[in-house]
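In what follows, structures are represented as structure tokens.
Shared between the two complexes below is chain A, which pairs with chain B and chain C, respectively.
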Partner chain A sequence: MSDRFGHLVRAEWTKFRSVRRWVLGLLIAIGLTVVLSTLFASVGGTDANSAPAVADRFHFVHQPMTGDGSVVARVSGQEPSHDWAKAGVMIKQSTASGSPYAAILVTPRNGVRFQADFRTDIGGSGRTAPLWLKLTRSGTTITGYESADGTTWTEVGSVSLSLPQTVEAGMFVASPEIVEIQRQFGGTSIGGRPTLGRATFDNASVSGGEPAKWQHEDIGASMFTSDETGATESGGTFTVSGSGEIIRLQQGDDDLIFNSFTGVVFGLMAVIVVAVLFITSEFKRGMIRTTFAASPRRGRVLVAKALVIGLVTFVAGLAATAGAFLLSQPQFRANGYRPPAYPYVHLFDGVVMRAVVGGALFLALLAVLSLGIGAILRRSAGAIALLIAIFIVPQILFGGLPLNVALWVGRVTPVAGLAIMQTTKRWDTAIDPWPGLGVLAGYAALAMGVAIWQVRRRDA
Partner chain B sequence: MRSTVYTEWTKLRTVPSSAWLLIGTVVSTVALGSLITASVNTDFCPSPVECFEDTPKLSLTGVYLGQLTVVVLAVLAMTNEYGTRMIQTTLSLAPRRYRVLSAKAIVVTAVVLVAATVGVLGSLLVGRLILPRNGFTPLHGYPPLSLGDGPTLRAAAGTVLYFGLIALLSLGVGAIVRDTAGAITTVVSLLYVLPIVAQFVPDPDVRKFLLEYAPMSAGLTIQVTVGVDLLPMRPWAGIGVLACWASAAMIAGFALFRYRDA
Partner chain C sequence: MEATIEVNGLRKRYGRTVAVDGLSFTVQPGQVTGFVGPNGAGKSTTMRVILGLDAPDEGTALVGGQPYRMLRVPLCHVGALLDAGAIHPGRRARDHLLWMAHSNGIATARINEVIEMVGLTSAARRRAGGYSLGMRQRLGIAGALLGDPPVLMFDEPVNGLDPEGIRWIRGLLRSLAAEGRAVLVSSHLMSELQDTADHLVVIGRGRLIADTTVAALVAAASGDRVVLRTAHRTEAMTALASAGATVAATDREAVTVTGLPAERIAAVLGERGLSFSELAAHRATLEEAYMELTRDAVEFNSPTVRAEANNE
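Right after this comes the complex of A and B.
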């Protein structure tokens, strides 16, 4: 029995390779994918490597501190301007933005954190204001503590930091931008809206060195006017308003691997046409009657066809994706996509292999889906138009759709299969790689199931 | 000539797929238009007034899908005859070849214009019902969609015209290519793929030219009612560009049909 199936597969393979237009069609798919991917990679560029590496913006109420000592304050209240709004005490080398620091802080939704030098981030308790915060400096070690009452202190974390003898110490308030979706003139864009954080402090003191007056200023450029940010004191209670973020910026959020395969969207058109014709031309010429007379188990014929078109497309797809990757990468590198923001990647790296092999799998499953739809509709015109409506029209419409609708389309329609080539996750990621390919595989299986059921009960 | 038109009308009428494709044009135009219109509201706008949503254009988004069935219908009107060798019978009965192609153009365009009118009016009606529920109310500067409004009438009539020109473009390409799959792929590439590829052309002048003069992007400027001053070309000039594409395809189709062996 399996031997007979082997014959069937070989017969279908012979059919495929002896039609010059189909072989040519797959070569066109490879050519379109490689050439267009390389072309797309050659335009555009990035300044990720010259962009600042850290964000360091907040409002700082400070006084000098010399040698060993400590800074302590009670955060009596904090406005929930952002889940990651920060209020706390800090020791910082100077008031220059980007200079080394250590801080213990409280957030509205993420508890107490001990952070230092844009690198260290240690979680404390889940408490919110009011609470006491303290930093001590002993040699090069800075330790952060939290306390509910100002008498029993719990250590949150410590860090070794080489700072000059005299540093600035005091209270600070920051509040990051809110990511906002905005729609205007029929298009959707993503932007950041700055938020203003506000917190109140009391029982503030700095020990170490001579007692000095508190000074306050914005560190880094503030998105707000100097009227909005600032600090006032009355009877030992400070009200501090500040905006910004103290964080290492993630550099380079372009998916350089996914972007190596932009031509696939056009190569897939050729795959659709070849795979649809592989079945509909048999119906059109009446060849299908000869085929079914030679092997009456019609379901098997369709499975053999799916196997042949799937395998052939997989091989062609592998050539297309590997070629596109190898030719696109040098173009990206020439356009400024270089380490450290964009490390070099190799064809045989794990994620690259997943994208390259997965891209070929995507095309193979697309071919099987096309074959199934071709077998159901039996007409090349209708099948090709339907598949183009599914795979090309959404690409055209994405820009005008609200983001949540676009993501939904990318999740539940066969287009989800394209996700297998993604290697990073962003706000506009619709679905994870393997689940995305699974969605397409599901549609392909469904189409084949319906096709086999129909081909058995309908006249050829 | 009248008898040739009548013959072509009979051919088109008696193929079951024609009716299905025309129904498909109406349904897909209205369905996609409604889905997209229903998915857009003023929630993400700075304020409903500052949304500057082009509501007639939004309601007519279905054209992006509806035109596909028109492409198939018009291409098949030509290529089906080659697939079945019917063309030899057709030409032995009507040896004046330009008459055959003219008759096909008249019949296909006429039925497409009828279906397009139904689809466009349906889309606007659905838009009129959905839009106010999504915040696009008269209070926010969005009066109910109405053909009494000049720009809306232009968008609606222009979209019907757009469908007709797409039919002629497809028929012309069908006469040039003569193969169903090949002709559909060619038209789809012209419509959908050209504007995407054009974005990546390195030379800015060539890029701008391709983006503005691609048949779909040029033709659909007729739908724009908000920010018309910002368009690279007047709406009627845009649909004129599409008319040039359609004419070029038809002229080449006529020439090849006339001088090639069937």
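Right after this comes the complex of A and C.
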């Protein structure tokens, strides 16, 4: 039995390779993918490596601290200006933005955190204000504690920081921007709306060194006027308003691996045309009768055809994606996509292999889908137009649709298969790589199922 | 496998058009069976049903006692040429035969044999798109012969062939039958089959009109008519009518007589002293016999012919 199926596969392979235009069509698919990918990679650039590495903006109520000691305060209230609004106590080298620090803080939605030097982030309890927070300095070690009552303290985390003898210690308030994505035809702009955080503190004290007066100021450039940010004290209760973020900035969120394959969108058109013609040309000329007379088990014929077009396209696709990757990467490097923001990647890296082999699988499954639709419609023009519409229209519309609609389209239509070439997850990621390819595989299987059912039922 | 085609009570409709309407016939091994009927009579439909390409609404078509779809290496049981145009124009003739051979596990050495049999050796590496209709017919026949099958079907194989090609195909059909194969050849022109077919299956509007040998068909169509040519037409008609014959004047001097053999007619005329210039038993051609048979069955005939038919 399997032997006979081998005959069918061999016959379909002979059919494919003996029509020069189809072989040429796949070579065109490779060429379009590689050339256009390289071309797109050569335009545009990045300044990711020259952009600031950290954001360090907040309002700081502080006094100097010398040698070992501690800073304690009770956060009596915090306004939920942002899920990641911060209110807490901090020890910082100086009031210069970007200088080393350690802080224990509370957020409206993300509990208690011990953070240091834009790097360390240790989660404490899920408590919200009111609560007590404390930092102690002993040698180079700074330890953060939280407490419900100011008596029983729980260590959240500690960090080793080399700071000068005299540092600034005190209370701080920060509140990040709300990210807003504006979408229009032709592009997407990402903007931020600043928020103003406000918290009240009491029982604030700094031990270590001479007692001093509290001072307060904006650290880093504030988006708000000095009337809006600030600190007032009344009977030991401080009301502090501040804005900003204390964080290492995410640089280089461009998916340079995915962006190596921009030409695939054009190459896939050639794949669609070849795969559709592989079946519709038989219907057009009545050759399907010769085929079905030679092999009356029609379902097996279609499966053999799908196997041949799938394998052939996979091999061509592998050449296309590997070529596109290898030629695009030097272009990206030349345009400023370099470490540290963009580490170099190589063809045999895991995620690169997934994208390169997955891209070829994507094209192979697309070919099978095209074959199935061609067998259902039996008309070249209709099938090709439908398939190109399925894959190209969403690409054009993507920028113009509301984000959630665009993401939905990218999740439930065959376009989801393109996700296999993604290697990062961003705000505009519709679906994960393998599930995305799975969606396309589902459509291909469905089309083949309907095609087999029809071809068995209908007269040839 | 037994080399026969058995069609039994076949009925096939496409939408509201009945293409084949209760057709039954058998194709025997060792002879060429002509499958004749006007255009649209249902010949191609019947052949498609035999090949399992179209599903019949009723009835069966068996090849060697089996439905075609049950055959596992069908090209080795039945060879068929349905449509000479059914080839991809971008494919070389040899590659066309190569995929067919692969599909049924036929040794590729056979390809050169059939190419030589149909006389395409010099053109086998050319793309089929550049072939003339006659060359395509030959390629289609090569495909039918590929599996060396005991049953062969050719749908209008003479179309597009030059006189030399027609002579060649007649010889081929005869020799295939002489090897003991069952050969079914369709045509809408009886004259094409006159010297080739042993047996005739005549259909019209999807129905069987005649299933007979060529000789019997000609005899039946000729009837016992005698053509009489005489200067004394009126007297002759009266005399023959009174002798029991049916007479009809066909022109000023000619009379068609039925019901009396030629010798008896001569005797009757001799008794009355009526001279005649010609007395001949009429012998119909196969074409006339066919026209006679299919007069009612022509799908697209002109209104006047249809009116005559209705008046009978």
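The criterion applied here is as follows: the second predicted complex is superposed on the first by the 450 of 460 C-alpha atoms of A that agree within 3 Å, B and C clash if a C-alpha of one lies under 4 Å from a C-alpha of the other, contacts with A are read in each partner's own complex, and residues count from 1 in each chain.
The rule is short, and it goes like this: contacts are C-beta pairs under 8 Å (C-beta built on N, C-alpha and C of every residue); 3 or more make two chains touch, one makes a residue touch a chain.
Values in this document were obtained by computation on a predicted structure and should not be read as measured data.
Asks: Return fit or clash for chain B versus chain C, each positioned on chain A through the superposition.
Replies: fit
Asks: Looking at the overlay, what does A:A460 touch: chain B (first), chain C (second), both, or neither?
Replies: second
Asks: For the overlaid complexes, name the partner, chain B or chain C, with more touching residues on chain A.
Replies: It is B that touches the greater number of chain A residues.
Asks: In the overlay, answer first, second, both or neither for which of chain B and chain C A:L39 touches.
Replies: In the superposition, A:L39 touches chain B alone.
Asks: Per the contact definition in the header, classify A:S18: touching chain B only (first), chain C only (second), both, or neither.
Replies: second
Asks: Who does A:R411 touch here: chain B (first), chain C (second), both, or neither?
Replies: neither
Asks: Tell me which partner A:R127 touches in the superposition: chain B (first), chain C (second), both or neither.
Replies: After superposition on chain A, A:R127 lies in contact with neither partner.
Asks: Is A:L8 touching the first partner chain B, the second partner chain C, both, or neither of them?
Replies: second
Asks: Tell me the contact category for A:F292 with respect to chain B and chain C: first, second, both or neither.
Replies: Touch partner of A:F292: chain C, not chain B.
Asks: With the two structures placed on a shared chain A, what shortest C-alpha distance in Å links chain B and chain C?
Replies: 11
Asks: By the touch definition above, which chain A residues appear in both interfaces, chain B in one complex and chain C in the other?
Replies: Touching chain B and chain C on chain A: no residues.
Asks: Would you mind writing out the residues of chain B in touch with chain A in their complex?
Replies: Of all residues in chain B, those touching chain A are 17, 28, 36, 39-42, 44-46, 50-54, 57-58, 61, 64-65, 68-69, 71-72, 75-76, 83, 180-181, 184-185, 188-189, 192-193, 195-197, 200, 202, 226-227.
Asks: Quick check on the complex: what are the chain C residues that touch chain A?
Replies: The touching residues are 48, 51-55, 68-72, 74-75, 78, 80, 82-83, 85-88, 90-92, 95-96, 98-100, 102-105, 143.
Asks: Mind pulling up the chain A residues that touch chain C in the complex?
Replies: Spelled out, the residues of chain A in touch with chain C are 3-4, 7-8, 10-12, 14-15, 18-21, 281-282, 285-287, 289-297, 459-460.
Asks: Write out the stretch or stretches of chain A touching chain B in their complex.
Replies: Residues 36, 39-40, 42-43, 181-186, 188, 265-266, 269-270, 273, 276-277, 284, 379-382, 384-385, 388-389, 392-393, 395-397, 400-402, 405.
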